[in-house]
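The letters A, B, C and D name the chains in turn, as written, and every chain counts its residues from 1.
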Amino acid sequence: MILRMTGIHKRFPGVIALDGVDFRLFPGEVHALMGENGAGKSTLIKVLTGVYGVDGGEIEFGGEQVSFTGPAAAQRAGVSTVYQEVNLCPNLSIAENILLGREPRRFGRILWSKMRRRAEELLARLDLELDVTAPLSTQSIAVQQLVAIARALDVDARVLVLDEPTSSLDSHEVDRLLAVMRTLRAEGMAILFVSHFIDQVFAISDRMTVLRNGKLVGEYLTTQITPVGLVTKMIGKELATLDELEQVRPERAGQQELLRAGDLGRKGGIEPFSLEIQRGEVVGLAGLLGSGRTELARLLYGADHADNGTVHIDDKPVKLRSPRTAIARGIAFCSENRKTEGLVEDLTVRENIALAVQASRGWTKPLSRKRQDEIAERSIKALDIRPANPEAKVRDLSGGNQQKVLLARWLITNPRLLILDEPTRGIDIGAKTEIQKLVTQLAGEGMAVVFISAELEEVLRLSDRVVVLRDRHVVAQLHNDSLTPEQIMATIADGAGE
Amino acid sequence: MTKHRLFWPVVALVLLLLGNFLFSPSFFSIELREGHLYGSLIDILRFGAPLILVALGMTLVIATGGIDLSVGSVVAISAAIACLQISQLGDQNSIGGIAGAVGIALGLSLALGAANGVLVAVLNIQPIVATLILMVAGRGLAQLITDGQIITINSQPYQAIGGGFVLTLPVSILIAVAVFLLSSLLVRRSALGMLLEAVGGNPEASRLAGVRSRRLIWLAYVVCGLFAGIAGLMISSNVSSADGNNAGLWIELDAILAVVIGGTALTGGRFSFTGTVIGALLIQTLSTTVYTLGIPPETTLLFKAVVVMAVCLVQSPAFRRKVITRRRKPKSASPVQQDEKVEVSA
Amino acid sequence: MTTLTASRQRHLPILATFALLVVAYVFGATQYEAFGDAQVVLNILIDNAFLLVVAIGMTFVILTGGIDLSVGAVVALSTLVSAKLVAAGVPALLVILLVLVIGGTLGLGMGAVIHYFELQPFIVTLAGMFLARGLCYTISVESISITDGFFTAMAQTPVQLPGGMHVSVSVVIALVVLAVAVYVLHFTRLGRTVYAIGGSEQSAMLMGLPVPRTKIAVYAISGLCSSLGGVLLAFYTLSGNALHAVGMELDAIAAVVIGGTILTGGSGYVLGTVLGVLVLGIIQTLITFDGTLSSWWTKIVIGALLFVFIVLQRLVSRRTR
Amino acid sequence: ACGGGDGGGNQPASGGSTGSGGGQITLGFSQVGAESGWRTANTKSVQDAAKAAGIDLKFSDAQQKQENQIRAIRSFIQQKVKVIAFSPVVESGWDTVLKEAKTANIPVILTDRAIDSPDKSLYKSFLGSDFVKEGRKAGEWVTKEFASATGDVNIVELQGTTGSAPANDRKQGFAEVIAANPKLKVVASQTGEFTRAKGKEVMEAFLKSQSKIDVLYAHNDDMALGAIEAIQGAGKKPGTDIKIVSIDAVKDGMQALADGKINYIVECNPLLGPQLMDLVKKVAAGEQVPQRIETEETEFDQAKAKEVLPQRQY
């Protein structure tokens, strides 16, 4: 046994995040840490690596009792960690983000060319070819996540901790990562893995520990538990399955055009494309990493300026100069990057939810406090945000709950076109079902939705139409009657539609 | 109670006042002299009033993640132009003329604030250099207006702004209180406060949420300019003269300090007007303490250094955690002995 | 392609500033007699060597997203301590060493307080400024002349350059400091950690970088640079005075920021700082050469030139979105 | 430029041909700044006198920074002016740049404040006031005024900017004189930074913390003027309940003196332009000049103030 945590207690003001949790980890295993949003997974990891001090309990590492003073100490002892949010420095180059702290040096002097080569090698392990001298901030969140993984892989570690490393990745990258994990496991590495994707967990893990509300539910061998059983343990009750959702998808597509983009494009972002969106229609965007889905969405929202093409809304030409103009036309955009482009972490849940509505009203027409409370309460209930305290700072929420707050902000604006860029990132399986239902329901009420997700199944389940992108081109627009992931993948691979 | 974020600044203020009291027992006494209140506490409020005003404006700017170094110069310009106007009046006591002068001064302050705002919000110049420009040039402008001289005026109504009394209360305090209440009301009753905090907390997220961040940031500088202008009127009226070089000199530092002591972070986001007022009063009390205690000018700064440091340390949760209440060792929970589960072979 | 544009964009503010400097120089040379003399450029260096050193220290601090308001006071303290000790007969080199130790220690102390007690740098270094300035006054309210042979030699021995031109020893020292700073920031782990902290302190911590050490180090470096700046100012003026370098922290900050470093940290270059110092220097020089401006017009024109520089720099290097 | 080149047309060629036309003298003048009305008057006097004397003036304002002043002197050397004059910001630290001037054969005149260099050959002459003497005069007046006082005389002092030469010297001179009389006690002394606002603020505090104040000694008129307002605000009569002595004799101060709110002012004359220009011409002509010239200064009591007030220029 390389790691043993016993009776871990961790309190935050007003919340008991961990309540007597035990956890063990053996060399050569992948151990999945499971639980709903806010169950305490990330906290356990941060306690382990010394980001937080414990309020009770013991940590034994490599046979010795330890109490790491911080991530640096944990790293030195051989614990390499990818934390849940991308925790890298956006101002530095990709190479530096991978190798900072372990730069190849001679007499204390950093060898830059060696560093670049080393970074490229590490990225190649994840099947990634990037210009490693580019600043990290120019990269999409998925790439950033991969860079963080590459960084963790480079450490000469005995324990690898991965907190939701796959939340933004699509199947190809996930497969790559799982392959790398298998190799490492074979080499005797102990891996702690957190993910809300049940199939990934079953594909890779040997053992699972389930947490619920900060308490230990139990430890199980993967071979001895079923997906349904696992989910039941996580949420404490049976989960209504998704299957019915696929049936309820109504024949809607009201044939009433809401938005028409003609030859819209932006240099360095996405090649000119044309797209029509009908009322009540869910348009899914499918494509690989960096295929330009986010870029496309940002153009529709006016977050970036198009340098080409036209947009018509209700058959009237509009110039989307800024998000404000888009919002005024009833467009909403929920960004994939909740930390830098979404939430104001210092503000409360209530304020973050009310922000977009308030912004469109302008500062002179404040939402009354009562209205704000109402909105917040309703959202907290609808999306099961925990803790259910509208006055909690968003910073203190767990990753999945933060994502729900961001989603809530846009859902309440009641837009005509809702663009969701990876809305279910980091959201647990129960809540994800709720959100998918919600999207279907909203579309049924006539809202148009553009849905982007790295999870192809999810896109297919929800969309009436799938727009396929590749290398920043729109290559196909497929009508979704029982499309399969394979068909989409084939379209992407061909690079040509029908 | 100790949780409240203004608890510790208030404690520091009270301690400082008590310190004064120990040294000079008449410190808290307030008497009625010639029909107005008279005493050390009143002095603190009276001389603190301009600082409070400037610091309130600064709070808004800092909330947006900016900083305004030019407030001192705006103080000087506002003072200079008002006094110049009044000195040119035939009758320096004519209310109309004074109102005109005050109007011109405040208008100019607004314009200067707006100019700062344009540099920051429209041209995206870093606030510290954007306002540095006016900080440097503004002093010159003020001296240009006064021709490098001190303009002395003799105007009873104007003098009332900074030195007068209404119903035994100093007018300057009333103005400061009014501005404080009005701006608190404005900021918290409208959505201004929340939107400013959003812009300061995460500008990009706010933009994507549809907040008119440019306009808000610009507005913050405009208000800051206006408040500095009012402070300038107060300062000049208090001594019935305008001193282009010295009026409001280094007030920006004191104002920023007041904001920071009041618990608003220089990185922007959450702000507190009440905290700022407490901070400003603390700074003014500190000066008064120096005079009351008779600390020689050579050691004044050492004294200030010690007090400022002490105030901040008391406020710092980390300090209280690490030094005042030594961290108790956590009781180690009895390890739950569990049956060994099946080992996984690698 | 992307790298090229990316790096060009990152260097654009610096290039723009440099171009503006050249324009300003050419303008001065056509406008004022004797301005075109290359010695004028060297004089800008001579007159600003100490500011350069101080601003370099400040660059480290600002790159981490901090700020150091104590530099001016530390400079003054250093001149005064030098003068006092030299007058008391302590050997010059020992004095300089002592002064550097004092400056470094002050910075170290402030850095430790900032880090361990999680206080805002602004307030801690402001207290540091009060402290250092206060110490000055307690040491002496009078200015003290330095007559020591070593100091005088350093002050008055010109370093001859080809073409009959010369610089001072201080300039050489400042350039050495510059070279060291460039090296440290771009080729050592410490330097890269400085940038990382500026990018995101939280991330740097989670990446396992030595955040506490580095954060404290930058304030120590700034303190060290300020005290060295103080020594250079003592060379320059051959005097110690409690009123030296009042407001120099603003000059230093301005130089750093004009040089393209972002006040929130993480982005900028020391070479930019050099340009920032030169911008301030050339503005002053233009004004002294003009010699017709009244006191207030001097300030207004300084402000206006600053405005022109900053706005042009901004417009030239503006990203074309 | 203006035409009237006069007296100094033919001196030994020292600087070679200069930018300014043949016979005209170019004077480089570096001023401290414009920190007070006194200083501005000083600047104006120099500018006006230069114009009147037909001297080409290169004026540079140092904004209270020694670095700027050194820079200015360097640039004067670079521009090969005929004579350099400056009011040093501080007393020490001029040797290096003055040596450069000496090497370039440019004579230097100090105005207003002296420097403490042991090498007197670095400048030709000093023209200005003696701050210590001013302090002494103020002290003498207090001693005389309270010669017959029984019991202690409580004095409060408003100092100038901490560390500045006038503040140091005026404090010192005053203290020297009143030391002779044990009844005269400085009970509180605080800096008012030479400004009215600070003067008022500090005096307000003095009035509360001191039970009895007989005399106020202010290092300049502005602080005294501020203090007067504080005294009035406390319901006392300045000049009667509290005697006031200050230094400078600016117009507002003289007015207050004439009004009986100040009791005595020691003059510190800023109008040394004409004297300076005479000196410049002499120096440029290579004539011998005295090392130290003190400006003509006097003291004013209330009667004398009324008399001269109409003619005061500043």
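By our rule, contacts are C-beta pairs under 8 Å (C-beta built on N, C-alpha and C of every residue); 3 or more make two chains touch, one makes a residue touch a chain.
Only a predicted model underlies this, so the values are computations on that prediction, with no experimental measurement involved.
Path length between chain A and chain C in the touching-chain graph (shortest route): 1. Chain centres here are C-alpha means, and the one lying farthest from chain B is A. Between the CA-based centres of chain B and chain C the separation comes to 29 Å, rounded to the whole angstrom.
We define each chain's centre as the mean of its Cα atoms; on that basis chain A and chain D are separated by 71 Å.
Rounded to whole angstrom, the centroid-to-centroid distance between chain A and chain B, based on C-alpha atoms, equals 42 Å. Distance between chain centres (mean CA atoms), chain B to chain D: 35 Å. The set of chain D residues that touch two or more partner chains comprises 33-34, 40, 43, 162. For chain B, the set of residues that touch two or more other chains comprises 143, 148, 297-298, 300.
Taken chain by chain, the contacts fit none of the simple shapes, being neither an open path, a ring, a star, nor a full set of pairwise contacts. Of all possible chain pairs, the ones that touch are A-B, A-C, B-C, B-D, C-D.
Contacts from chain D toward chain B in the complex involve residues 33-37, 39-41, 43-44, 159, 162, 188-191, 193-197, 200-202, 204-206, 208-209, 222, 225-226, 229, 233-235, 252, 314. Residues 189-192, 194-195, 197-198, 201-202, 204-212, 216, 269-270, 330-336, 338, 341-346 of chain B touch chain A in their complex. Across the complex, chain B is touched by residues 113, 116-120, 122-124, 126-128, 130-131, 133-135, 137-138, 141, 250, 253-254, 257-258, 262-264, 294-304, 306-307, 310-311, 314-315, 318 of chain C. On the side of chain B, the complex with chain C involves touching residues 69, 119, 123-130, 132-144, 148, 244, 253, 256-257, 260-261, 265-267, 297-305, 308-309, 312-313, 316-319, 322. On the chain C side of its complex with chain A, the touching residues are 2-3, 6-7, 10, 183, 186-189, 192-193, 195-196, 198-200, 202-211, 266-267, 321.
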